[in-house]
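Several structures are given next for inspection.
In what comes next, subunit A is part of two complexes: it sits with subunit B in the first one and with subunit C in the second one.
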Partner chain A sequence: MRANVLARNPLAGAFLSEYFVLLLTVILFVALAPFAVGLASSESALNIVAYLIPLFIAGTGLTIVLITGGIDLSIPAVIALTSVVGARLMTGESSVISVAVGVGAMLGVGAAIGAFNGVLITALRLPAFMVTLASMLFFNGFAVWFTQSSNIGDLPANYLALGKQLPIALTAAVVIGVVFHLLLSRTIFGRWIYALGQNAVAAHISGVPVQRLTFATYVLSGFCAAIASVILTGRLETGSPVLGREMLLDVVGATVLGGTSLFGGRGRIYWTFFGVLFLTVLDTALNLMNLSQFAVTMSKGAVILFAAVIDATRRRFVAFA
Partner chain B sequence: MRFNQLVFAYAMLFLIGCSKQQGDAPVAQSGEKPLTIGVSFETLQTEYWVAGFEAIKSELKKRNIQVLEATADQDASRQLQQIKNFITRKVDGIIMVPKDAKTCIPMIRAANEAKIPIALFNRPADKSDAKSVAVVADNTKLTQETVAYMIEQARKSGQKHKAMVILGDLGDINAIGRRDGFEAAVKGNEEIIEVVARVPSEWNQEKAQAGVVNALQANPDISFIFTSSDFLFPSIVSALKAANKYKKIGESGHVILGGFDGDATAYQMLVDGYLDATGVQDVYFEAEQSVQAVLDMRAGKEVPEMILDPGFVIHQGNLKEKAQRMWGANVKK
Partner chain C sequence: MKPILEFRKIEKAFFGVRVLKGISFSVPEGSILGIVGENGAGKSTMMNILGGNLRADGGEILIGDERLVAADPRESERRGIAFIHQELNLFPNLSIAENLFLTRFPRAGGLPWIKRGELNRRAAELLKEVGLDVSPDRSVETLSAGERQLLEVAKALSFNARIIIFDEPTTSLTSREIEVLFALIAKLRARGMTMIYISHALQDVFRLCDDILVLRDGEVVAHDATETFSTDKLISLMVGRSLEQVFPGRAKTRSGEVLLEVRRLVRGEVIRDVSFSLRAGEVLGISGLMGAGRSELARAIFGLDRRSSGEVRIHGETVRKSSPRAMIRRGLAFLTENRRSEGLCMDGSIAENLTLAALPIYSKHASGWLSRENIRTAVQKMRGEVHLDAKARSEQPIRTLSGGNQQKVVLGKWLLRNPKILILDEPTRGVDVGAKAEIYRLISELAGQGMGILLISSEIEELIGLSDCIVVMRGGTIVDELARAEFDRERILRAALKAA
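Now for the complex of A and B:
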């Protein structure tokens, strides 16, 4: 039936395809470009790419966690703590070694927080929502205490290049996207992840190492959030204990909007990219349209809700077909 | 046919949209087109920022300057994107309330590279190679003056007071200045004031309320409270009422209250006789100076890196005289 619909009507085909959110983004761009002065310009395209990279990288880690049926609310805390730890190690230094140590520490701390979450969720069988919510609060507070609320500047120039030079950040995002995509689509690890999200009990009976797999997904999520932090900290030239505090809704929103299920078992890395792209284009377009903040917030909410309703309708239709 | 017409109309609009960004920057001095200034606030969460935003827009309107507005929802990364969007739109100047003193440096640098003058409203940037002008209240001095007035009232009561201070987000240089002003004022007055609670609010009303409730439970005899921002007064008043300690000046059990900002709530509390004093930031002065600084920089004039708003302390003794300059009193109207 679905094949018939697709054959008969290309519009229906687009509506049913997994590229639907990308199509919505194109429609949004084309519809708003006449009103958002400068949206269809190379500078704006660069802004959009620069803004979406950290969101996408953090969203990539979250996607894997969501596919297993988990959730990671600690992403903002990982970003904040890794930002200040790395900045503290690098401030006032200029050598490549200090940058390597700083970035290594950031990635290590990110993975360690992920491991902390993973251990509590698997060993103590605590709900992921509670564990990651608690670690978000704890590590956010720890970051503020660690710096006594002050920001850390004077970072080495060769580190700042990681955030400021778009090709470097873009390369990191592409590599992470491709590696995680291949991991999910071409490896036994990926098949286990989907199996775990679809039915954890069945996956366990089938020999999937559920505990180790769950642990690994949280480590990967923490690691991805730390990479996002490396880029954000470099771009803002500052280690900040509140960095990324407002990012959680955007990361979760974009990932789910892309099509990854909050209930597990379904998700793709490129879906997350589409979701992030949609949110970033929407944000930039509304900003360029010179609407008041209240109008921007309400429009953003309305457009996201509209997109979510259309997408949910589409999924029901696909399932029915 | 209708579809073709629609496509044609859209194509025209699209071309206009694209061509505008190619952007011949408007020229105000020639009188042909007004200038455009981008105004980016990190938040509009409190009355003070809304009043500042409106004061800047009103000042720009008065000078026939167009406004592009943006608010970053307390997200420095988003604010950087917004500043870059302003640059994409080739604005003639930028006025910004940054999230903090450091994360704004790449934003200022981006404006510098695009040769767009930039002024910081109410929050200065740290020293760096990035060039901007900051128009800021003298937080430390104004707080010190406000708390000194409160201490004077405490001294008149003839008894020693236990004090609570509600701190702001200590990542915000203004909050740090107000904390330092408070500490400087109480230092040397230990025979009158004993600070028993320093409540962190992170500029969050719920956190402030929880902190004040806890502090009042731990120290029921607190009789002197200074808040780093007037917007936290509803939380404080609620906690004081719950503890049956919200009394007018002159009534037995009155808690000496002081604040900073000069918002509408503080004005009403002054009028009703509950608030002893508040340090008022002169929003209109700061807005006018920010706009003027951008225009002066654009004209190539020398502008100091920091323009200080002296502000003033308003209290029961000078309320009638000073109320006209208190932005919160005007918001109320």
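Now for the complex of A and C:
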């Protein structure tokens, strides 16, 4: 009853819609624009897009894992290790072939780490949290050891373009977003993923290949993180063993902020896009306001908490509808 | 003897269905009352009201001369009622002493500091009283089922219980443990303890109890001294002649080819050497009490649990690698007894749940791309076939539906796969009368179309009304088999109860 009354009111309708986080982003943008000098400029827009792309690509893989009720904490380790492995292979080279080999190796390593997680989680039935936490520590350490804690530069120019030329990265992000969205919404795979997250037992009894499916989600997540790494490494012009170290909380935070449940069963790729957009706009605005780093982190924490509270309230209403 | 416990016109209904219809009886102090009745007769409901887990809709309970105002387990406990449940209420990870004094640890002054010494001393006294010779600091998980049962009695004694209720206390005990328990019960009775003993094991009831009360469909149909009953009389009283349920007329059995063959199936101690076969167009009913191994049998056939030994053949072909996925491919479908936890994705919509098992059918090519049109048509068709509530939208979350409609969705989910063999485990549990009738109609129609149906049910009426043949399970094995002409409630119940 209450929800029906609310739904007829346009304001309440927006509050209840799944585009709510997008709306919050707009409000945030308008509210902060007067204080953050240059936020409403094409320069800052480009900045936001550039920063958003790797976050969104990694978040896409994570979204799928979260929908099954899992978690992938190894994303930063995948980014770091693929970055240094790719850079080691490509440094000093300039041919297109070496770039192809390097990028291929990066994607392969990412998928392999995902497969490693997936095997431990499905075959040994270990909790995803422990497995991916352990592999985050292990592969992070491995990346540092592999490079003796130094950066690897001198990368081929046509590789750097992948990160520095926005249209290429943007195309990659759009393609991944669209493909994964269709995968989730229009294929058997997608329907199974949601069923698995909602009730793994019922899914198993209904003939869903639960183990294979779970395995696949971690491979996809590793693969997506590797693509994010290709773009980030190119943009930085160096392979770095600490690349992506700060990214974990942003990826998880943005995905969950978008509305994907940590408990599985619900989530959408475009929700993740909204979450990432919200976080990136917030970050950019705070940085433009010339606040100290502490103030930036604190404000970020406060705003995310506030958004989470609003979102939780909102979801209680949606549950009535 | 003056009564220590008296029920006066106790009423209870669940969702408008009366399960207790004015129950009145009294128990003299220091006696043992046996309560018998079929599954669903209302025994547990009655005892849960006494134990304070449920609130009665009407009537009153007197303990001594005082009214019990409860619906609060702690109030019942304070008034001296100890309810020993079928599933014991112990914390296996804690010690014996901790379990005994969980809510009243002996403490040092007012401090939250537990006096270990006194705790163990008092626990040891209680253990001695029930004849349990173990150290009080042993953890409960190391105890056998029988020892845990004794511990429950010790717990009852620890708060000076005046009435102890036993609900099927012997189901998981060995015969030696049963003897120990019975000796303890006799000892307690000699000390003037009043006890209520609920059991399907009629020979135990005869042996232990002073009086027997027979419950049927929420009514007391007999309550008298034990000597006045015979096993035969007890069973016919339990069965009664009521329950006019309408079953669709089943066409005369024309047994088709054998679809499913189970040979010497064993799974640990739960299923012991079960063999049967199911033909096309046949409804094979499986009767038995809870814990007889019926659901476990279904799970083992469907590949959910591993088999220890034995064979499952489908269309004459032996199934080696069995998983639900492989079994579904071979044309099996399994509606489990737990609709919410095993049958449905409660957050999903009607359409999502209906199509879950059949998804691969709606995809034309290997990519798994789904045709929305095909899915919509299938959902529409199946909604009509199972007579799902027409007002419900297909996008509506399944949890907003009634139990009956939810069950129809589970059934529809399997029917969309066009199975050859359908295993139904308690298909009408928690389902309203109208939906029940429609599920009966569906079962009968599907069998008429040549499907082989394995029907597990605790309602004997249901089995008699629908089956072509009924097998009775007890203790993990088939103990009796009845063709349609031999259907007889008493014989089925007798076999299930082992009261031959």
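By definition in this document, the second predicted complex is superposed on the first by the 314 of 321 C-alpha atoms of A that agree within 3 Å, B and C clash if a C-alpha of one lies under 4 Å from a C-alpha of the other, contacts with A are read in each partner's own complex, and residues count from 1 in each chain.
Note that a contact is a pair of C-beta atoms (placed from the backbone, for glycine too) under 8 Å apart; a residue touches a chain by one contact, two chains touch by 3 or more.
Just so we're clear, the structure is a prediction, and the values are computed from it rather than from any experiment.
Enquirer: After the overlay on subunit A, what do you see for subunit B versus subunit C, clash or fit?
Expert: With subunit A as the common anchor, subunit B and subunit C both fit in the superposed model.
Enquirer: Of subunit B and subunit C, which one touches more residues of subunit A?
Expert: B
Enquirer: Who does A:Ser95 touch here: subunit B (first), subunit C (second), both, or neither?
Expert: neither
Enquirer: Applying the document's definition of touch, where does A:Arg191 land relative to subunit B and subunit C: first, second, both, or neither?
Expert: Only subunit C is touched by A:Arg191; subunit B is not.
Enquirer: Of the two partner chains, subunit B (first) and subunit C (second), which one does A:Ser149 touch, if any: first, second, both, or neither?
Expert: A:Ser149 contacts subunit B only, not subunit C.
Enquirer: For A:Thr313, select first, second, both or neither according to whether it touches subunit B, subunit C, the two together, or no partner.
Expert: A:Thr313 contacts neither subunit B nor subunit C.
Enquirer: In the superposed arrangement, which partner chain does A:His204 touch: subunit B (first), subunit C (second), both, or neither?
Expert: In the superposition, A:His204 touches subunit C alone.
Enquirer: Between subunit B and subunit C, report the minimum C-alpha distance in the superposition, expressed in whole angstrom.
Expert: Nearest C-alpha atoms of the two chains are 31 Å apart.
Enquirer: State which residues of subunit A lie in both footprints, the one left by subunit B and the one left by subunit C.
Expert: Dual-contact residues (subunit A): none.
Enquirer: Within their complex, state which residues of subunit A touch subunit C.
Expert: Touching subunit C: residues 186-189, 191-192, 194-195, 198-199, 201-209, 265-266 of subunit A.
Enquirer: Residues of subunit C touching subunit A in their complex?
Expert: 302, 304, 324-325, 328-329, 334, 336, 341-348, 352, 355-357, 359-360, 363, 367-370, 372, 413
Enquirer: In the complex, go through subunit B and note every residue touching subunit A.
Expert: Spelled out, the residues of subunit B in touch with subunit A are 10, 13-14, 16-18, 20-21, 23, 41, 44, 67-71, 73-78, 80-82, 84-85, 87-89, 100-103, 105-106, 126, 128, 169-171.
Enquirer: Using the touch definition up top, name the residues of subunit A that touch subunit B in the complex.
Expert: Residues 30, 33-41, 43-44, 47, 50-51, 54, 144, 148-153, 164, 232, 235-238, 240-247, 283-284, 287-288, 290, 292-293, 296.
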